[in-house]
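Both of the next two complexes hold subunit A, though its partner changes from subunit B to subunit C.
Entry: the complex of A and B
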């Protein structure tokens, strides 16, 4: 048995065709996770009563659940309960009208919120308390201090962990294949189901994912350097 | 279809699923032991910049970090038999599926741990090694007595995160047909048509084990962190 280049090429093409789905599965959770995660991280750092503690406990608990298990549970609930929920809200849609990709996006978004919160909280801890105090002492409000002093420092610190999170989400997106979403991995395997060239399909998928993450890593390195330049020019 | 979740089925499932945690534990132990060995070898190659091997290991680490676990597992599952048959005429179609999982996770851990070890060893200031040489220690003595104890402390938090991630990733093994906790849940699902209780129990199980491990690493970290006490 030999590895055939033709099959790899065919799988590459087929996998890339579904790249937009993977992008959707990565971009939407990253974006939502970044916004919600930042808010939660600030809530936790400012020790806002009840919500701060509660979110901390919830995130610690949720982080213990592997993404496959979470996906399986959401997928089951989705298939079993979707119609009932839609009827409850008087929505005239059936499960066939809804793309299953939203289950994947939902699961990955929750995962992304947890990851992003932890990273941004870590970044906030790394910023010296004196920076807040300096802002307050010259009469800035809390929001002004955040916007003008804290967030510009937070961005360069957070870039490396955020890149790691995005890579984690990319890897997680491949698991959505298990609930029947056609993204890069499932797409790369489509030619294999006719010719039994599964190995070639997986090689093609690995190549696509590898390129995607290597490009992201390079981008993050570039951004990190730029962030540092900006810091240096201030001094 | 009347009720999705029932506590009766939930408690019935516990004795059916719990024994299969041993499969997961075996994967974790095997991957950690071989991952540490592989990680140390890789870290040594990378730190000493041994030509050729250094570049190969760089590609290996980049690949392991850049591709999803699921893809790596499938590549080993479908690729290893092809490679071994092509090179040595070995037929490993009869191998237990869990062996492929062991190999994948060991290779994956080797890459991730080598990066943790490498950065931990490099984080020890070179003055420490020089101090060791200046009092007449050999390279190995210096590494063992001076660099390693400091590096272990730096590596521990990263190792802990990685270990918990590994534990959670093992739940992917059922996708190639290994019967671990998830595989067992699936068979329960096909037998009884009720699988949500099994999945929720597994989610709880993983959460509890992860948190216990987190606490364990946290206390180990505190114990090893004697730096503050000394300097005060």
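Entry: the complex of A and C
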């Protein structure tokens, strides 16, 4: 079997053209997941009544559902119920006006929240309780202790697992092709529909994902080094 | 003046403090003695609300606090009047020695940064760490870290400093430097409650010795009374085990 470089190049171009969609599918869930995940992690660590337990249960439930299954469910609900919901809220929009990418973003965001919560909770567990107590003992409030003492220590600990999560979301984003969203993978396969160069399409998509991941890894290494300068010893 | 009345604390079903009352006048140094598990640490932690007592009242100066029902504001007020030195130092890992000492002044007391830095530098110089101000805790020895810990507490000029076995985590060679610093604080007239196993230090610095066992105060009094003429049998047992006996030196 011959692999045609021309087709790979064509697929790369086509895939990159839809890179902004992949970027949306990764960035929005990462960003929202980080914020909401951090809040949930703190709620759980401080054992805040009701919401702490509730969030635990929800995350346990949600983590057990494969992303493809969740995506299919949301997509079905979206197609079947969108018009009814819009009518209920007296919104004058039809399903055709809405970009289906929001279904993908929604599914990935929920996944991201679960991943981020667990990573940040792990980081918080790693920080000695004495750091909190020392903060309280000199008269800092809980918020001040978090902001000045805990979070600066949490960042370097959490970067490796958080990077791992983002890489997971990047890979997860390719699954949204299953509900008809055109992102990098679907884009790279477009030329194949004319020339049957599917292998080249998949290779091109792999290259794009790989580059994206490598860039992200380098960024995380840089942040990690910057964040933990307090751990460097004098030697 | 600090007074603790009828302090009680249980962890699950274990009663750690069973109705403990102590009173300490301004400028006094109270030494808490007792074996592990006698409640010394819990007593100190309750004063600073690192543990919430199950009952009892705390008086610091003018302020009266119900230890069980203290509001957030009352707790903050008490914490601003007290400072704590931890057994395992608990320095802020992400801050330099100077940053550790400045933190309470700048963030909790809202002291202007310049003034805070000056005060912090003076305090660090006083504990002998002028040349280590920009080092992170990970770059300091145990003794140096504990000196920063003491500076962090002392710089706030609190009404009382609570020291929880400040030398237990240090090797014997470094104990001396810490005790010397604590002694200096005592000479400045700052009120202190020290939980310790250092008997020689207690004899030297304490104005009052409290012996605890099983969550109650067994005996309290001036160091010379407690060490020379203990009244209670339990105190005698404890002291016999940790006081170097006279004839030991001849061995």
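Note that in this section the second predicted complex is superposed on the first by the 228 of 235 C-alpha atoms of A that agree within 3 Å, B and C clash if a C-alpha of one lies under 4 Å from a C-alpha of the other, contacts with A are read in each partner's own complex, and residues count from 1 in each chain.
Please note the rule applied: a contact is a pair of C-beta atoms (placed from the backbone, for glycine too) under 8 Å apart; a residue touches a chain by one contact, two chains touch by 3 or more.
On a predicted model such as this, the values are computed, not experimentally measured, just so you know.
By the document's definition of touching, of the two partners only subunit B reaches A:73; subunit C does not. In the superposition on chain A, A:125 makes contact with neither subunit B nor subunit C.
In the superposition on chain A, A:93 makes contact with neither subunit B nor subunit C. Contacts of A:148 after superposition on the shared chain: subunit C is touched, whereas subunit B is not. A count of residues in subunit A touched by subunit B and by subunit C gives the higher number to B. When both complexes are overlaid on chain A, the residue A:133 reaches subunit C alone and has no touch with subunit B.
Of the two partner chains placed by superposition, A:225 touches none, neither subunit B nor subunit C. Comparing the two complexes, no residue of subunit A contacts subunit B in one case and subunit C in the other. Subunit C contributes residues 48-50, 76, 79-80, 82-84, 86, 88, 90-96, 103-104, 107-109, 135-136, 138-139, 152-153, 156 to its touches with subunit A in the complex. Considering their complex, residues 1, 4, 62-63, 65-72, 74-75, 78-79, 82, 85-86, 168-169, 171-172, 174-175, 182, 195-196, 199-200, 202-203, 206-211, 214 of subunit B touch subunit A. Interface of subunit A with subunit C (complex): residues 128, 130-131, 133-141, 144, 148-149, 152-153, 230-234.
By the touch criterion given at the top, residues 1-3, 60-70, 72-73, 76-77, 80-81, 167, 170-175, 177-178, 185, 198-199, 202-203, 205-206, 209-210, 212-214, 217 of subunit A touch subunit B in their complex.
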